[in-house]
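Listed after this line are the structures, all set down as structure tokens.
In the two complexes below, chain A is the common chain; its partner is chain B in one and chain C in the other.
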Partner chain A sequence: MNSKSISGNGVKGRLTLTLKSRETLAAYAFLAPFMVFFSIFVVRAVVEAVRMSFYDWHILRPMRPYIGIDNYVELINDKVWWISLQNTVVFTALTVVGTTIVALAAAVAVTRPIKGQSFFRVLLYMPSLLSVGAVGLIWVWLLNTQFGIINYGLSFLGIRPVNWLGDPGLVIPSLSLTTIWWGFGFPMLIFIAGLQGIPEQLYEAARIDGGSNRDLFLYITLPLLRPTILFVTVTGVISHFQVYGQPFIMTTGGPGRSSYSLIFYLYQIAWTAFRMGYGAAVAVCIAVIMAVMTSVQFIVLSRRIEY
Partner chain B sequence: MKPERSILPQHTITYVFLTLLGLFVVFPMLIAVSQSFMTNQEVNRWPPQIIPVEPTLQAIHSVLTQQDLRLDLWLRNSLIAATGYTAAVLVLCAPAAFAFARLRFPGNNILFGFLLVTIMIPSQVTLIPNYLLMRDLQWLDTFNALVFPGAANVFGVFLLRQFFIQVPSDLEEAAVLDGAGYFGRFWHVILPLSRNALTALGIFVFLFHYNDLFWPFIVTNSLETRTLPVGLAILNSSYAGQYRPMVLSGAVLSSIPILIVYIIFQRQIIQGITLTGMGGR
Partner chain C sequence: MVKRLTLILTLALLVAMMLVLSMPMSTVAQDAEPTPIVGAFGGGETKISYWNGLTGSDGVTMNEMLAQFADENPEFEVTSEIIPWNTLYAKLQAAFVANQPPDLILMHASEVPQFANFGVLMDLGPWYAGNGGWFDENDISEITYSGMQYQGVTYAIPLDNHGRGLWINTDMFDAAGMDTDPATAPDNYEDWVTLMQAVTLDADGNNAADPEFDSENVVQWGYVVGEWPRVNFLSALAQHGGEMVSEDGQVTVNSDAGIAALQQTVDLVYEHNVSPPPAGFDTWQGFASGSVAIIPTGTWFRNFAVDQTDINGMAWPQVQFGEQPATWFGIHAFMLPASSTPEKAEAVQALLQWISANQATWAGSGQVPALLSVQASLDAVNYPSNILLGQTFTEYGILDYTSTVTQEMYAALDPELDAALNNLKSVEDALNDAAERMQQVLDRAM
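Up next, the complex of A and B:
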């Protein structure tokens, strides 16, 4: 306790001070459980990952020599790292754009004053509840070249069987399509909430002025939804950048390395090659890339609060 | 005034669009269900069959009885681990959020700012050190490894703090006049008034954990301790080549429990997910 201020303030000061320090003690007690876990599993782990990335740390070898920045030098010259990065970026771009468009269209449709609104809402969110395992198993078969339903449907249009998951140029778009199907439900719900925040009077006024549905969408809905669109795209980028389950289950990274994602590559290094030191360097680089993207998110999203 | 809901002709385009989108969503699931009742020969046939000619329970029976597949255990493990994880997140995050939202103490803002900054550090960077820690603690292949490492969820603290701040302070003051201490204020005032937020966070982290693949895959390694997503990956890699309907029926069977829960609690789940999404801004 701080005796100096007690003597300065007399009895009243002492009373408030004890109350204050009691509040401080209580606050630390409330925080303690969380902070213990946070220190062990986040703070310690991050520090340890950075430290390990400077060592030649192989799980089966007892000697773990310090090698400076060698892991990072290796990473810069690692072709597979760059392939994985490129795949991840392409996948993320396709998936985020596709998901946002589908989710926005769906949200606009289910917020129309129609019968069956909530039925469609419940239905369209359904795939989002499935695990990536179930989604992968279902879609691998839909996309099958020989017996898949998608190629069957296309055959009616005169299109010859497409090797969706076996063609290096098509595998990422195919995983993307799967992911759009799986994941558009969450942004749809966010868009619905955003659309419900737009005052109905705006639409009525525009209709009186002779605005068509298209005008209403372009000049009222889209501009007022801009913050929501930003939120959905930026959080989408961050979550899809971490893609792992879809290539792991549907293609095991193939054909060749055409569907290696960054996290998939991290898995290969650390848990099939057991190179924990190099894996830590890969993880640190992924983390830096994502931290930069998240900071951009914070900047972009906090800017909107100004108006 | 709220416009009346209708099925007027002006909504034709909306209905056509929603029907097409609905088919896009439902068709893959229905095909999987339908082909679960087929034989291997019937599935591997061109043109593909949509409806089984002679429905059979063979695939479903074998996926449930094969020695190296334990769908029942995997489902149980997933439910226990996700429940334990959700409980751990709530138990750790709610008191911390209460301290940040309602108590004055030196370092409040600095500490909270520090936590916010760590949101930017993706969890992947912690995977290797935490995996090695699990190994050293001999927690590999146990529920501890599935429950504790991710339990200090900063997003959870952030979200709950947002809601706790909004609780009017006169309610808390009334409780203080009635002699409530800090714990009383937390337990009898803040928590009951934030039930929606707690439910929303609970649903959100439960679903996240229930569907997680990477971490459960690396920290479990025996048949009996796998979770559902990991088990499905194993099912796919060992049976897709030889008996496709088994793989599909595994996907279908494993999805049924969560879909039933969803249909019963659809409103709460959709509200909860929306609330977390909006609160997370």
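Up next, the complex of A and C:
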């Protein structure tokens, strides 16, 4: 801006451009390391996967004939793909909704001024630190029909043992429950940050106007948390749509194919059948579905918030 | 005040849940020492990397043998990595692509065609005595020798025959007045059902043949259909004269023989009430906890039955549901990557010579040594299950299906068997669906 007072118009224009160019160059310079790695490890891989999906590509076979859209045609007619897609959509819906509700409730609870607030925050976040292997094994035992502590507890209520992971109607909700327990810690932290960002005077004004706690939550907290909810649900959908470890460890996709997820099926295609070409077609379709779902979420939830 | 109390109670409940959820970890922990996943044996300059899928108690025996080898041969260092079989096959593919395979691989004979077809296995023909080598092909069964080959080339050195048999709880048999002598095992479906009903009890002590029997409140199951259903099915299929793939390359799991074999198994659950549905039932823990009388398992069960349960048990031959006896078996075999250097191959050869010379020790894992001379030398007191089940493999064993797409075909078959056994599909629908997908796999491989 000093150039304004020092220089004439022509000089000022050149200097301004130069400064803009410098800023632009600096921005690109700062972005460059990321862009280099992103291009090599993501863009190139994505392009290669799309290309691979048009070939009959076995990982160890030197002959990889071009087959056009045959892999995609096979996918459309593949019954297991549709079963896996249905299972994954149900799992994702249950898990994202459940995680969002539990995380928000936990965040509200531990944002209150209570003794041991930090302790409770750490405690509730702790399951998120576990690996999927540990979580899967813990919950397989908890939900075990014969020896599980959950069925043991239910027996005191006179309820017969429930086949949590063996009943086709219960297996997806059971996997979802496991995942909610495991994964609500991180969105809880996001919600805590979101709650702390809501101006206190809004609540004070509402209380003066006679608003109840329920009104405050429904008409102040929830609307102002919409950006946070958008973030939590978008990242949740992206994450849970790629569920693999839980069905792999807890049910191996059963009973029958009742808990096959898309990534579970993709793994089978790629690493049991070693059909990388068909696997790539599956992966491309999964990516497209996720992109569409994310776009819809943005359109529905991303109304502008001002305060 | 009430709200504050509610909040504190809620948080206290969450804390209690966290504590309760930590309890199963101690339940999972077994008294028995777990098998190390990666073990290094010896400290010599000649290094051998070795991958296998011996995740069961047989892995303990293998590691003991490697430790003994390293003690006797201090110039070697063997790094052994135990990986679940399916993961091992996937990891091997990546390792071959990266040109960094292990120096030695233990796989199933059923995998020989697939990996040989890719050209990544070394021709081990020169190691056989017929070609001037050290391994005597006359000391293994013909079917075992054939399992080492693909298109006339020998790619593997066999370690054992391992396969299907039963393990029975002898106390439950005694209590039911049943004879525990394996020679008295029934040879038809109806008699097997009668036996299984006799050792299936409800909470009131009624057996499954009793009119008062409460099928909703069973405390002791006679049998469990959920223990690796595929090999049970393939055994029963052969007993009915069927086969998985016909000689002209047609998948025939949905033949009359296949439908009869699977229907009989399904009926054990839903008609005769002698087995729980497979989903959600832990068969090994069920046997170990004394709630299962007969478990269809295999040679590999020996160490678990002896070391990790208090059950008085013994091996029995495979059930016979069809007109003829038949039982599934497979072969563990050693293979080397085609990219092995001569020096590395020589080092691995020394290890394999030692293991082959000590196959009697491998019998301690429960598996049946591949060498016939070693099989004949086993004593009946220490190795009763090896001898009993080994004889059944020799007399009427059916070798695991070998092809370039075995795993993919099994991946198509397994969920359909599971669906039928869990009553999610009719037997015919499940086998028709399986056959359709398996045929697609087979046709693609042609």
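Definition applied: the second predicted complex is superposed on the first by the 249 of 307 C-alpha atoms of A that agree within 3 Å, B and C clash if a C-alpha of one lies under 4 Å from a C-alpha of the other, contacts with A are read in each partner's own complex, and residues count from 1 in each chain.
Everything that follows uses one rule, which is that a contact is a pair of C-beta atoms (placed from the backbone, for glycine too) under 8 Å apart; a residue touches a chain by one contact, two chains touch by 3 or more.
If you're wondering where the values come from, they're calculated on a predicted model, not measured in any experiment.
By the touch criterion defined above, A:L177 reaches neither chain B nor chain C. In the superposition on chain A, contact of A:L75 is made with neither chain B nor chain C.
In the superposed model, A:L225 makes contact with neither chain B nor chain C. In the superposition on chain A, A:V237 makes contact with neither chain B nor chain C.
In the superposed pair of complexes, A:I249 makes contact with chain B only, with no contact to chain C. Of the two partner chains placed around the shared chain by superposition, chain B is the only one that A:L266 touches, whereas chain C remains out of contact.
In the superposition on chain A, contact of A:L137 is made with both chain B and chain C.
Here chain B and chain C are compared by how many residues of chain A each touches, and B touches more. Of the two partner chains placed around the shared chain by superposition, chain C is the only one that A:G166 touches, whereas chain B remains out of contact. By the touch criterion stated above, A:L60 is placed in contact with chain C alone, chain B being left untouched.
Overlap of the chain B and chain C contact sets on chain A: residues 106, 109-110, 112, 114, 120, 123-124, 126-127, 137-138, 141-142, 146-147, 149, 181, 271.
On the side of chain C, the complex with chain A involves touching residues 4, 7-8, 10-11, 14-15, 18, 20-21, 23-25, 27-28, 86, 89-90, 93-94, 96-97, 118-120, 216, 277-282, 285-286, 289, 291, 405, 407-408, 411, 415-416, 418-419, 422, 424-425, 433, 437, 441.
Within the complex formed with chain B, the residues of chain A that make contact are 20, 23-24, 26-28, 30-31, 33-35, 37-38, 40-46, 48-49, 52, 102, 105-106, 109-110, 112-117, 120-127, 129-134, 136-142, 146-149, 152, 155, 181, 186, 189-190, 192-193, 200, 231, 235, 238, 242, 244-245, 248-249, 263, 266-267, 270-271, 276, 279-280, 283-284, 286-287, 290-291, 294-295, 298, 301. If you check the complex, the residues on chain B that touch chain A are 2-7, 11, 14-15, 17-18, 21-22, 24-29, 31-32, 35, 43-48, 50, 91-93, 95-96, 98-100, 103-106, 108, 111, 115, 118-122, 124-133, 148-152, 154, 157, 181-182, 186, 207, 210-211, 213-214, 218, 228-233, 235-236, 240, 244, 247-248, 250-252, 254-255, 258-259, 262-263, 266, 270, 273-274, 277-278, 280-281. Considering their complex, residues 59-61, 79-80, 106, 109-110, 112, 114, 120, 123-124, 126-127, 137-138, 141-142, 144-147, 149, 160, 163-168, 181, 253-258, 260, 268, 271-275 of chain A touch chain C.
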